[in-house]
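Have a look at the structure that comes next, please.
The chains carry the letters A, B, C and D, assigned in the order they are written, with residues numbered from 1 in each.
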Amino acid sequence: MSAIVHLRSAVALIGRFPALAGVNLDVHAGEILLLRGPNGAGKTTLLGVCAGLIGLSTGEAVVLGEDLTRNRRAVRRRVGLLGHDSFLYQDLSVVENLDFWSRAAAATVADGRAALDRLGVASRLFELPVHSLSAGQRRRVSFAAMICRRPELWLLDEPHAGLDSAGRDLVDGLMSEAATSGATVLFASHELDRAEHVAHRSVTISGGVILDETPPSTETRADS
Amino acid sequence: MSQSGGVLSDALLVARKDLLLERRAKIGIGQVLPFAILVLLLFAFALDPDRGILKLATPGLFWVTVLFSAVLTLQRSFALEAEDGILEALRLSGMSPAGIYLGKVTALTIELLLLEAVLVLGVAVLYDTKFLGIPLLFAIALLATLGIAGAGAVYGALAARLRSRETLLPLLLLPLLAPVLIAATRGCEVSLEREAMSGWPWAALLGIFALVYLTLGSFLFRPLLEDA
Amino acid sequence: MTTTKIQSASTVSPAPTGTGSRGTKVLGGFALVFLIIAVVYGLFISPPDAQLGNTIRIIYMHVPTVMAAYLAFIITAVSSGMYLWKRTEFWDLLGSSGAEIGVLFFAVTIVDGALWGKVTWGVFWRWEPRLTTSAVLLIMYIGYLAVRAIPADPRTRATRCAIIGIVAIVNVPIVHKAVDWWRGLHQGKTVLGTIDPEMGGTQLFAMYSALIAGLLVCVWLLIHRFRAGFLAERASDLGLDQALEERRLESSPATGEDA
Amino acid sequence: MNSSNLTETLCIVGAWLVTFGAVGAYGASVILRGRRLSKIVPPEQRRWM
């Protein structure tokens, strides 16, 4: 079976800075892969490359069967990216944001509402503008806006950040559920105890390269 | 999953979102409109009203005021899209760039037309202008505003992520809109019966500008969204 | 066949120490010849014009510079379109070189026009359609250069500039038309910026040699500016391989990150 | 009469000087920039496309 994410010698420049300096990575269907690494290692850039947002300057990248060196746009509708930014209009209310983003992604308004439910966003928050929410509540809304697209590949940058322990459990559950239902999850996290528990496999990225890509046969943790 | 709804439905979605944002944040009504009225007042101070200069110059002053207000509106409209990773989210959404562009233009046109409507009242009261040729005036306002929004959305999006956007946007946009200013001003002079000549050629000219800018913008918005 | 090959190889093999080459030297030589002809005929031999008098000698400079500027802007526009299609550094560099040289010639055109106005009208600036047109267009391209000067990722900067290059050229005829009609549709044709068909032989000769000289100088400048831009890009790339190496080295001591 | 002739001559000479001066100065600056950059860039990259 072919890999969902297939990167070979991938070099990506941010300005003239090589954020990725030759990444080799395979992520297989239905897998939950944890991306570890210090700040500035290139985790966010790697997720951006997989989402088709950041182009490679050299190397190969095939995501969900689409060759990103030829066309970065085709893959975008099929992935869900949860970034550091909220991807939400601060002045619009929670439901207004969800309605807009779900319809923008060719999903229905009902999908958006269902996603809000799934993320446990209380209905008393629905009419509040996003800027008045707490960081954790906003994170849940962002997450809802991501899953309402029903992405085939989840790309999560620090999904646990800013959430309380109930929220973290919820996120872990969503990731496991996504993987069992056929989606693939690639996420970056600093919360190693929690993350390694939910991940099937982990790799470490540092200095723009993957250090220890373990063969996909070995389940769970490889070292440390 | 259904494919993207096409350019028009994307445009509609974006336009409705922008108008909703204006209704929630009220920057246009609360800040841009008072600014525009202030400019009208300042013109009245600068050009002594007793000597009739103000009356002669009314159409020009009106459109200069609209242009300045348009720059502010554009800056606000695209600053919103550059915050919080919205541009990335728009790229990820799979909406067609031309649809996003036309949606922004539609919302901007509606907002600017409303502003102009209030300004026209202001001009009528402050400068004691008599309006004749209402259909022509309306056509000119609509077509000129489409041109301003059409060209402005391209440069507004281009400048949005630059740190020097406050200075760069007017520098790029105002020379581009010089012909719109000329045609709209002359057209309005006609519709205020200052000139014997019929004003419809000016309206046609404004229509051509709008068409050119809208066509260009629809094509250029993809590279703009992707790489600029 | 073989000899020419060897010859061309021998001319290429030593790396150039500047932006000059055999081609630019030949081109520059031709430009110089026409410039000298233009100076001799334009300033000394050709008689004053029947209508314009001696001010025609300003027109000898005015027309070539405006033509050179338009040539440069058209090159910028074509390069901008080609860049958005091909996405190569070549078109980006050519486009930005064109814009810079266009601004140079256009600024000179406006100064020449103002000097012509001083003699003819007694004032440097009159709200004359063509002068106003030129000023507006000049500022439009100054905006291009302002965007160009903002440090950015090369692809981002190139895309921004290409978009402005296209929008600006489309606006050139629009501005021209609008300003022509500005003072009513019955404004008399201005002499400035057109070649009078009734010019005498030496006048035409001076005009055409100045025109050819202007276009040659424009192309000559374009080649040099393009190469300087190319060198500047290579100079800022210099750190790139090293940066890649350093980036990879970042990882080696830091295998055991904990936090 | 005399002063208008003087203005005319000054303006004509000025126009030619401005044109040659500006274009010449720009050309010189480009060539000097090229020479300076040539010293930095390694020879194998000094190929013109």
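Here is the rule we use: a residue touches a chain if its C-beta (ideal position, glycine included) is under 8 Å from a C-beta of that chain, and two chains touch if they have at least 3 such contacts.
These numbers were taken from a predicted model, which means no experiment stands behind them.
Distance between Cα centroids is largest for the pairing of chain C with A.
Measuring from the averaged C-alpha position of chain A to that of chain D gives a distance of 55 Å.
Chain B and chain D have Cα centroids separated by 41 Å. With centres defined as mean CA coordinates, chain C is found 47 Å away from chain A.
Inter-chain spacing, taken between the CA centroids of chain B and chain C, is 32 Å.
The set of chain C residues that touch two or more partner chains comprises 155, 237. Annotation for chain D: no residues touch 2 or more other chains. Under the touch rule stated earlier, the contacting chain pairs are A-B, A-C, B-C, C-D. By the touch rule above, chain C contacts chain B in their complex via residues 84, 136-137, 139-140, 142-143, 146-147, 150, 155-156, 158-160, 162-164, 166-168, 170-171, 174-175, 177-179, 181-182, 184-185. Taken together, the chain C residues at the contact with chain A in this complex read 152-155, 236-237, 239-240, 243-244, 247-252, 254-257, 259. Interface residues of chain C, counted against chain D in their complex, comprise 15-21, 39, 43, 53-55, 57-58, 61-62, 65, 89-90, 101, 104-105, 107-108, 111-112, 115-116, 118-119, 217, 220-221, 224-228, 230-232, 234-235, 237-238.
Chain contact summary for the complex, chain B toward chain C: residues 151, 154-155, 158, 162-164, 168, 171-172, 175-176, 178-179, 182-183, 186, 197, 201, 205, 209, 212, 216, 220, 223-224, 226-228.
If you check the complex, the residues on chain A that touch chain B are 51-53, 73, 76-77, 79, 81, 83-93, 96, 100-101, 103-107, 129, 150.
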